[in-house]
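These notes open a run of structures that come right after.
Here come two complexes built around chain A, the first alongside chain B, the second alongside chain C.
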Partner chain A sequence: MFKGFADWVKSLKNEGVEHIASEERRAFLKLGLVITGVYAGGKLLSVVSRVREVYADIPEYVDKYPYKPHYSMVLRTDRCIDCQLCMEACRKTNHVPPYGWRTRILEQHLPSGEGQWTRRFMPILCNHCNEPPCVRACPTRATYKDPETGIVKVNVKKCIGCKTCMAACPYDMRYFNEEKRAIDKCDFCWESRLSKGKFPTACAKACPAGVRIFGDLADPNSRVYQLVHDPYRAIWVLRPSMGARPNVFYTIN
Partner chain B sequence: MKRNILLLLVIFVGIGFLLHAWPSFSQEGEEEAGYPTYPIIFTKPLKAVLFDHKVHVEKAGLSCEDCHEDIFKMEAGSTQQNEDFNMDSLYKGKYCGVCHNGEMAFASNTRCASCHIGVMGYERLLKKQHSSESSSEH
Partner chain C sequence: MVATQGAVKNSKIVGLFVVSLILLVIGLGAGIRSFVVGHMEAYGVTREIPWGVLISTYVFWVVTSTGLCLTSSIGHVFGYKPMEPVASRSIFLAICTILAGFFAIGMELENPWRLPIWNSLSPNLRSNIWWMGTLYGAYLFFMLIEFGLIRLHRHKQAALAGLLGVIAGVAAHSNLGAVFGLLHAHEFWYGPYMPIYFIASAMMSGAAAIIFFTWFAYRFSGREMDESTVKALQVTGKVYALLTAVVIFFTVWKIIASLAGKPHGKWETIMAFLKGPFAFNFWVFEVFLGLVLPFLVVVGVRARDINAMALVSGLALLAIFVMRYDLVIGGQIVPHYAGMHIYGLPEYYHYTPSLSEWLVVLGSLGLFGALFLWGEMAFDGHKPIH
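== the complex of A and B ==
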């Protein structure tokens, strides 16, 4: 009986996905499924998982770590409790004025059933993108991608304070520093710590919950590499549609 | 004329007394509920954890003696003066960890932001308290 059913299913012709309403497609997308075929007058649908798309080991990312070390951060975002010790440490270490920021924490209310929500905090910082929109936008080449480490830095002497990079940054991670008369941003603590042989960044060191994992993405022994390349772990980046290819990754658990 | 002034005086004093007593009216919820209705906020060792009596009494069905005074002192927020009031102690089954061990209630090392409201949540609460206080003064 089941064999007959299998044969019947195989004999069906794909009627094309063009006639499916976009609401229905979207409903499936929310479940993590893509409709690839329609059979038996729309009664049967063939679907495939699109879950792999959010994993980091998609061709776009895998083994494309052109820097040595290729500095990167993984944020285990569900562990964040918004104690803001990272922000305090960053302010102190990098002399960030009260009106500025190099890292921030966002609060999300994720819906969890009727009228209920769960809180989730999400730290954000410069994503040190592989294709940084800010670098492309800078008219004086004051902001640049360090050819060795991939860190997006600002040359204060070249910066004219036009703020074009601020507008170009998809993550709002640049501010105008009145004292420097230049744009200031996260440099993964390069000036204050890494260049002096101190590891990791001030924020990662200050975090009591182990949210911020900092390291070399090109080193298979590093924790960031292992987290990003874990095939059973969902990893995502913020605003992937910008095509900036960030080096700051998010995960839970 | 004199009587009118006296009447006005009585009314003013009455209103003043009412307004003075207003803040204590809002405490009446506590008498009725049998537990503190204001939020218990811990700010040590870091900001901030919110404890809600309502959830623990009405949903979890706990009585006062279940936690007081063996696990937590009655005085609100006094436990945070203890040096070992941290997550490690919770994992070892102290304080919240007496119940939040994954068996009686969700484990202490899960669902962090259920109790941790952060600096943002703390400041929001302070603002709320401040605005309710200042509105009762007017």
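== the complex of A and C ==
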């Protein structure tokens, strides 16, 4: 069945979601899959499981949000216009030096038929992974996952600067900050905002297009929860094969 | 000082010793300067390729050290008599090489002074790099004890310390393999291959180092090699040929596994090796000088001709240095978001070592050379003790 499925997906040629016959669509919904029509380098980022989505391969993650609040972000990536106001806000709020970044915008050229492509902007930031490879690799626990919020933080004074966490992060989310003499990375604005009772993150606040939805994934009333659990919505994470279980999700409207 | 007592002391050795010291001072100066101006300014490593030539140099030295310990243990730990004559020098070389490795990584860490504090106060037992550092500490300790006991003619106890050193060395070294092997982020490294491969290639490097440096020590001090040492090197030569064959086997399967089915990440990296930016390093150094030539020559002279073996071993050590470089840098070159249709993403990330990094590499060589030559003078050419 899955072989036929793979062949079928290949034959799609990225026609986009609209072109999938409703019959087939239903068949895959039954399988628990949502088809987004998005290809990435032959990897099936295009098909993600529905509702139980991205954690589904390891049951212990499904629908369990161990942190209180379980901070998370959903990026409605097709709304992004690359104005980079989020980057600027992040830089200012978190004193990010010019040689580094905590979040940035990638530009995708998604193939959309013979010699054609559509442009889409893809914001990236630390995924505050549930199984963060950076945390496992750090020899001194300078990088750690906050037991309360799940935010992946750096304890500056413990960082020996071995850069193992940089090598370990599948998402290129860490850089060495010369001024701090330690690794610096996105902390969901914990230090600059959340810990001071300000909400949401600087980037989410600055975004004029409503791309970045920030909130508590453990709270059924939050927008992030509702987006991630919307059964008709395609939701995916980046490089799922890394097994890091990101808490930053992507979707399109 | 002991150094003046030995018979092994001529102007050539002293001269080379001084040259080594000068290299060490230059490397140390470059390293300290880098701390002051910041590694970002001084070193060529980047956000995308955070591990550069200093890490690969560290790997080179500790691989060689572990190999010296393992290969020479055949004689003095596991009691295979013919290899005993090279034991003292091998153990001493193992100490010199590990210290050279520590020098390189010490200059590479951004805050090495925090290491002893937080490694002990805040250990992460899930971190391979923690285990590696800690076990190499233990390893160095055992090797020092073993060497001391050998010099004191206490061979029984030395063998015990040697055994502990072997255990710590294997554990530490496979953990070094795991530092790379357990990083999902870099497919080329990921998997149990690395810890296993590291042990095999360590023994290969160790055998090459024993042959080359023993020969070198005699050559340079103008002494004739005695019968038993020649024998020991011939045995080492056989071990060397065997391990080269093992590593060839490993390498062939690594290539096949990285090609079959075009596995993401692995495939891109192996293409960089086979015909991309690393092709020269790979074919000329790794394959030809590092594996094929030594294998053919050692087998060709049936492990008898010490001069020929020493020559290819020396070249192989250089090749192994390149091998480590390719392994460390090559594992990081595939962009994180490769295959996701990102506009402007390079095919491979690029890294060039900076001058400061090269000077530190030379500094580590200087430290090694100075220690090695001092050892020759101080311990009278590691005269076989019976």
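Quick notes on this one:
As a convention for this text, the second predicted complex is superposed on the first by the 191 of 253 C-alpha atoms of A that agree within 3 Å, B and C clash if a C-alpha of one lies under 4 Å from a C-alpha of the other, contacts with A are read in each partner's own complex, and residues count from 1 in each chain.
In the analysis below, a contact is a pair of C-beta atoms (placed from the backbone, for glycine too) under 8 Å apart; a residue touches a chain by one contact, two chains touch by 3 or more.
These numbers were taken from a predicted model, which means no experiment stands behind them.
Three-chain overlay on chain A, with chain B and chain C fitting side by side and no clash.
Within the superposed three-chain model, A:Cys159 lies in touch with chain C and out of touch with chain B [touch as defined at top].
In the superposition on chain A, contact of A:Phe176 is made with chain C only, not with chain B. Touch criterion met: A:Met242 reaches chain C, while chain B stays clear of it.
Touch criterion met: A:Cys83 reaches chain B, while chain C stays clear of it.
By the touch criterion stated above, A:Thr140 is placed in contact with chain C alone, chain B being left untouched. Within the superposed three-chain model, A:Glu107 lies in touch with chain B and with chain C [touch as defined at top].
Taken over all C-alpha pairs, chain B and chain C come no nearer than 10 Å in the superposed arrangement. The contact surfaces that chain B and chain C form on chain A in the two complexes overlap at residues 107, 119. On chain A, the positions that touch chain C within their shared complex are 39-43, 45, 99-100, 106-111, 117, 119, 122, 133, 136-142, 157-164, 166-172, 174-176, 178, 181-182, 238-239, 241-244. Those residues of chain B that touch chain A in the complex are listed here as 46-47, 111-114, 116-121. Across the interface of their complex, chain B is touched by residues 78-85, 105, 107, 118-121, 208-209 of chain A.
Residues of chain C that touch chain A in their complex: 38-40, 45, 47-48, 50-51, 109-112, 114-115, 118-119, 122-124, 126-130, 133, 179, 182-186, 264, 332, 336-344.
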